[in-house]
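Just so it is clear, A, B, C and D label the chains in written order, and each chain counts residues from 1 on its own.
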Amino acid sequence: MAGNSFGQVFRITTFGESHGGAVGVVVDGMTPGIELTTEEVQKQLDRRKPGQSSITTPRKEPDTVNILSGIFEGKTTGTPLLMILYNSDFEPEAYVAIKDMFRPGHADFTYLQKYGVRDWRGSGRASGRETAGRVAGGAVARKLLAGRNITVRAHTAKAAGVTCHSYDPEVIEKNPLRACDAEAAKEMEKRVTALKEQDDSAGGMVECRISGVAPGLGEPVFDKLDAELAHAMLSIGAVKGIEFGAGFRVAEMSGSEHNDQMGENGFLTNNAGGIIGGISNGEEIVFRVAVKPTSSIARLQQTVDMEGKTRTIRTEGRHDACICPRIVPVVEAMACLVLEDHFKRQAAMLAT
Amino acid sequence: MAGNSFGQVFRITTFGESHGGAVGVVVDGMTPGIELTTEEVQKQLDRRKPGQSSITTPRKEPDTVNILSGIFEGKTTGTPLLMILYNSDFEPEAYVAIKDMFRPGHADFTYLQKYGVRDWRGSGRASGRETAGRVAGGAVARKLLAGRNITVRAHTAKAAGVTCHSYDPEVIEKNPLRACDAEAAKEMEKRVTALKEQDDSAGGMVECRISGVAPGLGEPVFDKLDAELAHAMLSIGAVKGIEFGAGFRVAEMSGSEHNDQMGENGFLTNNAGGIIGGISNGEEIVFRVAVKPTSSIARLQQTVDMEGKTRTIRTEGRHDACICPRIVPVVEAMACLVLEDHFKRQAAMLAT
Amino acid sequence: MAGNSFGQVFRITTFGESHGGAVGVVVDGMTPGIELTTEEVQKQLDRRKPGQSSITTPRKEPDTVNILSGIFEGKTTGTPLLMILYNSDFEPEAYVAIKDMFRPGHADFTYLQKYGVRDWRGSGRASGRETAGRVAGGAVARKLLAGRNITVRAHTAKAAGVTCHSYDPEVIEKNPLRACDAEAAKEMEKRVTALKEQDDSAGGMVECRISGVAPGLGEPVFDKLDAELAHAMLSIGAVKGIEFGAGFRVAEMSGSEHNDQMGENGFLTNNAGGIIGGISNGEEIVFRVAVKPTSSIARLQQTVDMEGKTRTIRTEGRHDACICPRIVPVVEAMACLVLEDHFKRQAAMLAT
Amino acid sequence: MAGNSFGQVFRITTFGESHGGAVGVVVDGMTPGIELTTEEVQKQLDRRKPGQSSITTPRKEPDTVNILSGIFEGKTTGTPLLMILYNSDFEPEAYVAIKDMFRPGHADFTYLQKYGVRDWRGSGRASGRETAGRVAGGAVARKLLAGRNITVRAHTAKAAGVTCHSYDPEVIEKNPLRACDAEAAKEMEKRVTALKEQDDSAGGMVECRISGVAPGLGEPVFDKLDAELAHAMLSIGAVKGIEFGAGFRVAEMSGSEHNDQMGENGFLTNNAGGIIGGISNGEEIVFRVAVKPTSSIARLQQTVDMEGKTRTIRTEGRHDACICPRIVPVVEAMACLVLEDHFKRQAAMLAT
């Protein structure tokens, strides 16, 4: 209800602020008897953590996860997993100077309007640091999906106006943008670095591909698989849009072009992006999300303070020049959470 | 859980199949003491019903709503509203010939995979007819929002490749496409009609604009206002994507271009589309959805039958050449449901 | 949230007022492919309907159920079942004379305080007539439980101060009280009739026995099987208490008396009532509920009117002298709903 | 869904096992801007913690709470509160000897049947230690209720067969049983001590009284205030029954005896226990719960081991001879959670 939980059967609840005591997650609805190590979770958190390259923030959070419940003798017990990351690299002083101004692009103004109080240390709960809990929870879902032979993999498809033209999954983890095209990656890095040097930042687009989902997954009407994936993705702070399969190109297409016809070996095309009527059709599930440029830039911008007076602001500090590579594991985590939840819901409905 | 309910406090549950006994909705969480007439609900249903123009299906459902509970002496009592529309223009025979084939673009195949049974009369539960319940529920939410001085208005922004270039709210209900640009509307109609004559159909894009929402609405983290609007919109059968404000253009923008700076009279731009950090910022809320071309076309297409053998199919019957104008009231209804639910959730959190 | 839905996976939403257009239920989360006839549902409704004997209300509702969605060719499709009973024997005039007074024992006063409006026709939504939707939904759950070899059977264990001393399931449906002891039943009937002739009514106690549940059903902590059964039972208007197994006698017992020891053939006793730590232990599940005397009595009582002035009232009309026999099928229905929901939740958790 | 969360708007999720890393709670839906200190929460935890007297377990957990999120500058921010208690006094060795046997009265057998795995350290998640999270969450709800002038107070009304005959709130916290009658308390203590010396334990009954709730609180139909209180109470491990107001005595009462008549100053009696039709009527809310004798006793009992062979067992260790005094703060905490949740739900429904 208050928006800090996600999923219905396989359900996570996250907590924590950027500069409070800790961030983390409770995972409820976990399958018992599953071998789970801290390392498996840490591995995904390491893909999300700051300081991975020159284009991501140098904040130095080790982001070490502690699993304090729900595991016994190396296996899950079916009771809630508490996974917690204590905050260490506090630097709230950096925010003191601007604590009475609203940073453009940030949720400072809207949170104050909603809650009537403002945690000015970093972005408080609105910080991207909150996604650590999602990634930890997603790592657990990913483990369960691996047992179903499902692979969830995202990459940066576009950044700073540069588009990938080929798809090579091998290169994704080998370039700082997590782009799927080694050539484009170099150009992206160049342009993002140039923007950074101009005290600016870059937007982009992340694509996610999910393989191994058999036909029949998803609920009808309101909880369509694509509706819940859209919910999951738009809940990521920087995401401003999502499209499945042919996406917004459908506005130029006719039915005869768009319909995926069928043959004896399945669908002849995949304009639907693997989902029809909200239910998986057995093809690869493909969607793309629009990622806005990092709001924190060192460039002077106009804003107002808490008295409503016009001021200028420069958001100094430690920021990502392009957030796409760090969004990639978050997109994957959220997709994993949606899928595992739907598998469990499907089992519930069919149970006799 | 099984996907037929939407909303948390202001919550609808829809029921009914295209060719079963009835379709409709139960609205729970209704404010008591609100004057509500059948006419107010009927008015929105009339905007959704078939047979409004040459480009929409000639199926003749009067779509007359009956409110059987939750109202006493003209006012809501706070108990559930049951709103029901009995089906009348059955024509299941039209479907007998193709009942063992999967219609391309339709959910025939995926529903069978999910449930193991197939209701071949029309699309059963997957039919667009299901949205009548949403529109009825949305009409009630709209009434409550009117009391908050909020206006929710959608239009076709693009269809059959033709884009609107001006925004005139007065013309929307006066052209068969519900386009916002009278000139473009004519061209759209021409092209949609041409496609129809070729036994084909047209996709498009619908835009929704919401005014009057004060800053501070929306939940943090997972239930961001944009995340729930995305969930709502992607739950509409034909919708394949959504974007807010600058949308997918963010991939080409820099932070200094995208950030909405502030002045003494509010934000200087609205790239965010009225929502920052998942919470309304007081600007107009603007989003666009991608609408796929109607799947039912009279043109021959390749498919397989229930034995997996390749066949050809022609989806005769009564279909919409472009579904955009009938999606418009559904988009509005879903947006109304999301907003009213969030207002009630906000009141709950703040209650002392 | 607003209290008109029950269950998490197998979920019902009821609607309707005593003297409105209809009462009924939407069942969501239904297993597809199950043969289901209107007769199976009607059979349970007939056990609940008024006019079955001299000690129950003579209101003449045929209580004929109509299933308008969710079934195709005699089988469930997995989509929502709408089951509706149109109201016919309206007699709201009976209530006009007392519409500005609060009937003692009824929810007139509390509903007005909550909602600010009052539906004075019968008890509106607070009427026992609302339970028809529960019984219809429960009949569907019962069908699924039968496939799991589970039997849910309730009876009147006490009424008007008379206690059953033997348990013979064969006699339950053969006496107007639905008592489990033929001798006691006669005495109960005598005393209830005597109270009725004095313009009074009788309270009682209903016991429910559930057999066939294997060990392992129920969720830990908050959703213990007994906690959810308690929730279900106390949601029935006339129920004022519940106890499992040894129940309130535990206050006089020591641990060595109360603990159910185990042997090679299972538990040696069943003080726990079949549930330990919120989870079924394989023994018969046994609980009892306290049923208050019918509030509507023709005897003069003191009350106040809507202006707060003291008045006297006589609740004439058509009422049950003892509601126990009609509570029996409602108790069974609610128990069926809880069990089926927990089976589906268990399947979800274990799904891999 | 998996049973580790409670409440709809004001919602807690608890985690942790008896001998794992920590136990605790996430509170979501918190009102922002409320002053909250660790001491306020600690105060309630101290009432629940072990080692308070000779009749409670000597396990030495300091039970120090840490609040790691949701508070800034001494006030709540409206984001989730994480409250955590690290486990310190591990003594799992005590359980090694009996780890392959099922302790009578404990959930060892049922948890193994449900999950297929067994955490044999203490009772794992089924331990009463889990209630620490409830008490911490309840302390926050209690703070909000204090602002509404509501008092929630429970006491031991009966233990080891001894009943309280007077009600003096002043003595409750001054005797080891938390009884409300100083004389009875002495007798209770004597008898419980005698049972303890015989390696046995005592059951009892706890009563809760809630004052200050205005008429109109509670949801109709399924989420009646008494139904949710029953759910809350039966979710406490040792509770086997609940009754409101006249409770099970209704089985001997007639309608004219039971109905609470009204006068100009309110109800003349309170047989209803403050709730009619599931909604508060403005009178004191009164209910009693049956508390089973502690299952862990040092006396020899018969059981089976994991191979199903008959064995004898003696549950040595550190146990409560009567759990009633430690259940008292848990009953209060759960009642506070239910009430605050309903206040917030009521505000949501009425919001315009």
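Basically, a residue touches a chain if its C-beta (ideal position, glycine included) is under 8 Å from a C-beta of that chain, and two chains touch if they have at least 3 such contacts.
It should be emphasised that the depicted structure is a prediction, and the values quoted were computed from it without experimental measurement.
Between A-C and B-C, more contacting C-beta pairs join the chains of B-C. Of the chain pairs A-C, A-D or C-D, the one whose interface repeats that of B-D, sharing more than half of its contact pairs by residue number, is A-C. For the pair chain A and chain B, the distance between C-alpha centroids works out to 26 Å. Chain A and chain C have CA centres that are 46 Å apart. The centroid of the Cα atoms in chain B and the matching centroid in chain C are 39 Å apart. In chain D, the residues touching two or more other chains are 1-2, 4-5, 8-9, 14, 29-30, 32, 78-79, 114, 125, 220, 345-346, 348-349.
Interface of chain B with chain A (complex): residues 1-6, 8-9, 14, 102, 104-107, 109-111, 113-114, 123, 125-126, 130, 158-161, 195, 200-205, 214-224, 226-235, 237, 240-264, 268, 272-273, 275-282, 290-297, 299, 301-304, 308-310, 345-346, 348-349. Those residues of chain B whose C-beta lies close enough to touch chain D in the complex are 1, 9, 29-32, 34, 78-79, 144, 147-148, 220, 343-352. For chain A in complex with chain D, the touching residues are 1-2, 4-5, 8-9, 11, 13-17, 20-24, 26, 28-30, 32-33, 66-72, 75-82, 84, 114-117, 119, 121, 124-125.
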